[in-house]
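Notes follow once the structure below has been shown.
Chains: A, B, C, D and E, in written order; residue numbering restarts at 1 for each.
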Amino acid sequence: MASTSSLRSPSTWVFAATLGLLIVSLWWNLIGAPTEATMGTIQRIFYYHVPSAAAAWTALLLNAGASLWYLIRRSPAADALAVAGAEVGLAFLTIVLITGPIWARPVWGVWWVWDARLTLTLAMWVMYASYLILRQLTPPGSLQPRLAAALAVFFAADIPIDYMSIRWWRTQHPSPVLFGGPDSGLAPRMMTALLISMAAFLAVMGCLVWLRYRQEMARGRLAALRQRQLLLEES
Amino acid sequence: MPLLECQSVSRFFGETAVLRQVNWRCEAGQCLALWGANGAGKSTLLRILAGALRPSLGTATVNGAAVGTAAARRQTGFLSHQSLLHPHLTVAENLRFYAVLHQLPDPDAAVTGALTQVRGEYLAARRVGELSQGMRQKAALARALLHQPRLLLLDEPFASLDLQTVGDMRASLLELRRAGLAILLSSHNRQQVEGLLDGEATLERGRLSVSSPEVARA
Amino acid sequence: MPLLECQSVSRFFGETAVLRQVNWRCEAGQCLALWGANGAGKSTLLRILAGALRPSLGTATVNGAAVGTAAARRQTGFLSHQSLLHPHLTVAENLRFYAVLHQLPDPDAAVTGALTQVRGEYLAARRVGELSQGMRQKAALARALLHQPRLLLLDEPFASLDLQTVGDMRASLLELRRAGLAILLSSHNRQQVEGLLDGEATLERGRLSVSSPEVARA
Amino acid sequence: MRELGEWRIAAAVCARDLRIELRTREALLAMGFYALLVMVIFSFAFSSDASLTLRAGGGLLWVAFLFAALVALDRAFLREAGESSLVGLQIAPASRAAILAGKFAASYAIILGLEALLMPLFAVLFNTPRRADWGGIIITALLGTWALAANGTYFSAMCAHTRQRALLLPLLLLPVSIPAILAMVQATQVYLTGEGMANYWLQLLIGYDVIFTVLAWALADMVLDIE
Amino acid sequence: MRELGEWRIAAAVCARDLRIELRTREALLAMGFYALLVMVIFSFAFSSDASLTLRAGGGLLWVAFLFAALVALDRAFLREAGESSLVGLQIAPASRAAILAGKFAASYAIILGLEALLMPLFAVLFNTPRRADWGGIIITALLGTWALAANGTYFSAMCAHTRQRALLLPLLLLPVSIPAILAMVQATQVYLTGEGMANYWLQLLIGYDVIFTVLAWALADMVLDIE
């Protein structure tokens, strides 16, 4: 009974499709896309690096939007979405921060440099980690989501700065390949691989946010029920 | 419309329900007492009514305005267990600061007035940090009365006051009640509040039982 | 030799003489009350006797040891207006810490014992910062009794305790007095200390007048 | 009229905080002490050659300023901890934005005061070059400190609700402030050495100040909210 | 027996302080992030070129350590402010030296913990040379931090009285600390670059530690004295 209902539920199909997309993108990343001329095989990490960044920023933007929504409407659903966005975004940001240095070592000769893009990405990682820490350290109740939302909106103001950093500062980090300007661009098959990989990562991000969101909502409902029970109980 | 109305107010701290669906009301010109053992939730209820704590469930209004709004805050005076005064400033400096926060037209006059009301004129120039417990309580009372609120919430107002001052304060409160203020006070001492009350209620395990509801003003 | 003796103790704060040549004594097994208006200097006197403040002039001894020496501190228990407990720690953690400072042989047993004495066992695992005023007073009382002192200095011990607890505490104090402790307490409420006292004294403008000196133990 | 009232409240909060600080002097001393220590350590470390000072001067100065700022900002709401005077502020019918603005002004003034003491000391200890443009450095300090104080007051209020206040404040403040810190270090560097363009960094700093001040103002109700 | 009791008291004070500070797991996490951030700010402010590390690495590292100390020391006696638990310590029959020793130990532990996080970060972010002698640097850190923590605890205890006399302290403390600071910066520099003699500086540091610890121990009664 439980299994059939979960098979019929649309989310199961979404998860399955995501998995399929991941497999397709794996083929494109490793075999379908041509090897880059100067950097060689290591360049293929590109298909993980950039989509992770895109997924991270989308999740963090979800967090920002949900936090703003919470400030306007005080809806518990918005708070749940904010938590989900921050956690998933932090996870993908971690992938960016791991794949970046792995790529940098053979290409730049060092693991890390302090250019604006890299520093700001690291700063964002710390910011959202401390966002989650603050959530843990404030007393539960109505204050916690308020403080968290106020913090998230503040932090979100840094996202555009990070995004624009490779445009504003002259950095070691490569310039944008997407929306970068006339002479940016990629070989067509590379672009296909990138776009498929991007779609796959965004889909994974979406699934994770959805699951976390549902979990958070369930936790909220459980807490409300528990309060009702506590009110009715004597002593 | 009652001056204070509190509808089904509950408050949790973590897993414990300190207040359970408390309903209460207080008319202008009434003085009500709140009884209860240590830890019964008296201070919690008063803090909620003063807008210093949010109820987990339920609502409360002061003169129609929800507690916590500026309109409600303007009409409420709150004496808490803490003095809410900064120890490094003098009593007058502290009170004057609050007078400005309340946007009173003449802060200095308000400070003098409030100190006179609690017979604490001699405290004006002294630093709060060096006051004795009772003197601090007087200063805190002056703070609560400063902006001539319509609702007074007093958490154990007579604690550590000497007999003389208790008598003075009782007289002041009677006068304020006559002037139409609603007064809610918590206490552990029946003797001290005798003759002041129009009604009373007791908190027990988070539930409020109103013992003599809406007694007409004597 | 009296357990507590205080000879010509004076204390100035800047230009004001808060205590003027106070002489007092208290025998083992006696319970004495200290009266006085707000700001009379009761807390100042008790703090001096507890070794928390230095007298400007004069001396005081506990069982022959000058106040402020380790010997005197070991024999003195002090309840002040402040709880002297850290708000971020639980009651048991706080008490256990003091038990170690007092070098008690079995700290845990001492903590349990003291909490039982004030009927505050249920407070052990709670953080001091979240206690109600009366609960905090109980915990502070447990702190004062922790090391089984021979001299108890209690500054308004019954303030903000509920009736039940006041009754319990009175019984405890009577028992302690019977066991030979010397107890000095300040208060504003005659009713609460009735039947406890072997003598009393009043502070007025810094001078102590002993009203019923050295009444024999009842 | 209502607007005027708000300013009056902010002024009262600021005056009160400054009065308390001047009376206790603890914070001023602590932060002065730490900042001075930073200067001394660096002047030892860099005593060997002047070219280093030239290359790292902006960073040095701002690390010292950051010390001063962290201590001052930590105090901003620490001041309200005893006898719960934070509750006193919260139950008053004053707008939280005005209260936060007052606290910001006090912190800003305190940090600037300290910087005014540290700057000449820096000039002496590190033999700053003649061509250094002190007017530019002062403008950078005014703008950069604004950013730190605005963000810091906001976060200090937020941390007042938690028990790990002291640790959490730098954690929240430093990462968001990195763009501003970057800009002020770079601008100072330009003014110190006379090489490069400072305007670009100043514009960035001004933009940052505006955005975050507006945000802090708009969200003041949240961070000073009751439990 | 009495001596044993004293140690037990110091241990209890230390354990209590650590418990208050590190009550939650999040506090430890926050500490780690704090260390990370300090290094990020540093490498950013000094844009970490390799020659800088070689020539001023000792100074950089110690300023970073000072940031760690800032968080810990400021709180040592602040912890006793609310509800006057300082009075609680004063009226207990425990020796003041033991209490101060306990407070010192707690601060020392917290600062060392942060330094343990900072050091590897420093090594990675500033590309320290291969020939750096980390054993020596650790010994210097242990000795130098001892000096900082001893000074700082004493300082913090005096400030707890907030009386006029506390005003003099930083003025006294600074010249007193300078030799220690010089020694730790120089010794670290020597170990980082492998050039020069570190022993001389270590001896100075040890001498300083001994003198200052003995002084603090002897004067503990005074700084924790009642009014």
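Operating definition for what follows: contacts are C-beta pairs under 8 Å (C-beta built on N, C-alpha and C of every residue); 3 or more make two chains touch, one makes a residue touch a chain.
Treat the numbers as computed from the prediction; the structure is a model and nothing was measured.
Asks: Determine the set of chains touching chain A that also touch chain E.
Replies: D
Asks: So which chains count as neighbours of both chain A and chain D?
Replies: B, E
Asks: Just send me the rotation angle from a CA overlay of chain B on chain C, rounded to the nearest 5 degrees.
Replies: Superposing chain B on chain C takes a rotation of 180 degrees, nearest 5.
Asks: Please name the chain that ends up farthest from chain C once chain centres are defined by their CA atoms averaged.
Replies: Checked the centroid distances; the maximum from chain C is A.
Asks: Take the average of all CA coordinates in chain C, do the same for chain E, and state the distance between these two points in whole angstrom.
Replies: Whole-Å distance between the two chain centres: 38.
Asks: For chain D and chain E, what's the span in angstrom between their mean Cα positions?
Replies: 24
Asks: How many angstrom between the C-alpha centroids of chain C and chain A?
Replies: Taking the average C-alpha coordinate of chain A and of chain C, the gap between them is 60 Å.
Asks: Do you know which chain D residues sit against two or more other chains?
Replies: Residues 24, 82, 163-164, 168, 171, 174-175, 178, 182, 226-227.
Asks: Mark out which residues of chain A touch at least two other chains, giving numbers and ranges.
Replies: Only 119, 123, 126, 130, 133, 137, 141-143 qualify.
Asks: Give me the residues of chain B that touch two or more other chains.
Replies: 54
Asks: Just spell out which pairs of chains touch, all of them.
Replies: A-B, A-D, A-E, B-C, B-D, C-E, D-E
Asks: Chain B touches which residues of chain C in the complex?
Replies: So the residues of chain C touching chain B come out as 13, 36-39, 42-43, 81, 130-135, 137-138, 156, 159-166, 188-189, 191.
Asks: Which bits of chain A are touching chain D when the two form their complex?
Replies: The touching residues are 71, 116, 119-120, 123-124, 126-127, 130, 133-134, 137-139, 141-143, 146-147, 149-151, 153-155, 157-158, 161, 168.
Asks: With touch defined as at the start, can you tell me which chain A residues reach chain E in the complex?
Replies: Touching chain E: residues 110-112, 114, 119, 122-123, 126, 129-130, 133, 136-137 of chain A.
Asks: What does chain D use to touch chain E in their complex?
Replies: Contact set of chain D toward chain E: 24-26, 29-30, 32-34, 36-38, 40-42, 44-46, 48-49, 52, 55-56, 58-60, 62-63, 66-67, 70-71, 74, 78, 81-82, 163-164, 166-168, 170-171, 174-175, 178, 181-182, 185.
Asks: Touching residues of chain E toward chain C in the complex: what are they?
Replies: Residue list for chain E touching chain C: 5, 8-9, 12-13, 16, 19-20, 23, 79, 82-85, 87-95, 226-227.
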